[in-house]
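Letters A, B and C name the chains as they come in the text, with residue numbers starting at 1 for each one.
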């Protein structure tokens, strides 16, 4: 594995940081602190629930927005701005470029999530004054959120490889919403007949299954998570990302850069 | 060994929204560039120069044809470590400083760590950017960006360098510097391939040139040879403002400028002209054979086939 | 000689295909590990108002989604012979909070919230609450009165209230004529088979949802059996009284009562006559809702739903 992928990833991370992406952490911190203080004051017996639900939902949503907004430009912006010319005139393979960008973006989100996690645990400590064992489940939820990010990044990159930033954003966001209802989509498909059933089933399986990765409610209610489920979800996220990235590579390899 | 061999590269685009029609950006091109020479790729805007370069860089895929660069297939990624490319009006990551950019590009070109540091300093000095190496590229002027572009093209000490319109947007001083740099590169044994539409630069720098127009190769050859075609005329310059009758009789075109007269006469009349001046005791200042300028050759090549194209234009695209 | 680009294309295409296959397989696995998927929200967020707020104004769409989940939930559990439907009431309440005009939901509630398990959730009071909420929000809909009266009649056996409700419903403009008829029937002949048959026929006619219709059909079949058994047992008693002894067989009873032939149940199987005068059906399992014709000590098996048209 050539180090070029690592170099591209590092540069993508640097670009995100210099693009002041990490400033979103400020908004996040304000939101979460405000909520924690507010909830702590009015003492309605569900402080823990509010902090975990709100915190994790914010981590997820902020991250998805960042993933989409940076991801859609990763390839198309470089083509438009022609910064790609001097990169591709070097021994960089086109697929290395895609993979490097992916890891750069994913890395940015992991770092972002890390800081947010500290915020969530901080807020939790503030309202409950001590940690209890089931709080470790929050880490599982965060892990699943990161898996979600991998999938979203790969999709954003896929769209960026052939579509304009605006369209890519629309596609990626639509898939995020539909993917959150993937269970229902499979349910619909099961109740349909004939050709519709085939098409719906196909779509239901190809759409990213975010509903399986969304365990925020369960974690808030301290439901345990089977290790089987964790393993399968990990594999699913990895394979799905691989699928989207393969698509991106196939498209980008054939693209004539004007 | 030929540094570049273009073997029939061609590019046809499909244009139009609904019913796509073919547009030929480049006819099958056959061209060879030797090692160690400065080769000029000339043509008006839209001739197909940039298309050719982009195909060689692997940015655009040819409709047909292949090429070899330094003996390897042009699609071989490894050969890219030995070539440098300066695109037309280059853009770089504007959130990086010049130093960071070169470091990144050095990494991608496979220049090892220690060497990289050294090379970056050398190259920055060479293009004159040492003072502002820590400034973000978004603050660079056009000339500075061009210099950064040259820096990244030669950073990894490539054997072959491609420049696409390297002088565009530069002031005369900048252009001089680029010309000097290209000369230096040649002296270092590198091959330079550059495209331009400014003929005086090509005339001054190139060993050989190729002329391309509307996607077609119109002419190729060594500059010396192309401009050696004496038109069969000589230019005579003498002191004074008089034009001797004998000169007129020779069919000379005379121009009077200040206190000198300039006349153009056929070469065969050369001796007769000198005699005429001597008889009149007019002081001869200069007698120079007229050489075809590259410009004239250029224009001729363009026009020559333009009339041919005009005939076929009615039936074409 | 393959170029680097061709190699990359082949590897990428293979990777795409393999990943896709792996994703689909994993998804099926994951589904099996998460059976409670569609009703997770309901388990944790019992308040319909919360869900309404969380819908960000897309109430209609969410209502449709919850309705689909409700039908699936019930269908799955019914199929698995479940005996509890704890989430049915919350699901219906959420659906109707999101869209109070989603009429099929009310009908579903009447058919399946009220009856005792395993046919339903066994919560007639909640069913009534749901109907009243529906009537409040859809005052011009006579069918909701029908559904409400239905619950009073079938589960609570409160015939007076049922009659009142049908009467109220009959006053709604465009009400179906049978509302008035049902109101009258309730008042006078509540326990009659005729009334029951009218009611279930009405449900069958007005329902579009498959499960509800099937349920109605099974009830109609059960009414037929109950009616037949009651009639036959009455004939037996009459024969006994007249002749001082029980009939030796069904054939003798048939001849004596001048019946057209051996009486058969809706499936076509003949009724059996026991020596002590009981009439039994051949296969009680095929008639989930009968109250007569069951052998002594009969324990109902898992409910089966036939496909009758």
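Here is the rule we use: a contact is a pair of C-beta atoms (placed from the backbone, for glycine too) under 8 Å apart; a residue touches a chain by one contact, two chains touch by 3 or more.
The structure displayed is predicted, hence computed values, not measured ones.
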item: Most central chain, judged by mean C-alpha position against the global CA mean; value: A
item: Chain of greatest Cα-centre distance to chain C; value: B
item: Mean-CA-position distance for chain C and chain B (Å); value: 86
item: Rounded Å distance, chain A centre to chain C centre (Cα mean); value: 43
item: Centroid spacing, where centroids are CA-atom means, of chain A and chain B in whole angstrom; value: 49
item: Shared interface positions of chain C, touching two or more other chains; value: 4-5
item: For chain A, residues contacting two or more additional chains; value: 93
item: Junction residues of chain B, two or more chains touched; value: 77
item: Residue numbers on chain B that touch chain C, as the complex places them; value: 73, 75-77
item: Of all residues in chain C, those that touch chain A in their complex; value: 4-5, 8-9, 12-13, 15-16, 19-20, 22-24, 26-27, 29-31, 33-34, 37-38, 40-41, 44-45, 65, 68-69, 71-72
item: Touching residues (chain side chain B, partner chain A) in the complex; value: 54, 57-61, 77-78, 80-81, 83-87, 90-93, 95-96, 104-105, 107-110, 149, 152-153, 162
item: Residues on chain A engaged by chain B in the complex (per definition of touch); value: 3-4, 7-8, 11, 14-15, 18-19, 81-93, 254, 256-258
item: Complex interface listing, chain C residues touching chain B; value: 3-5
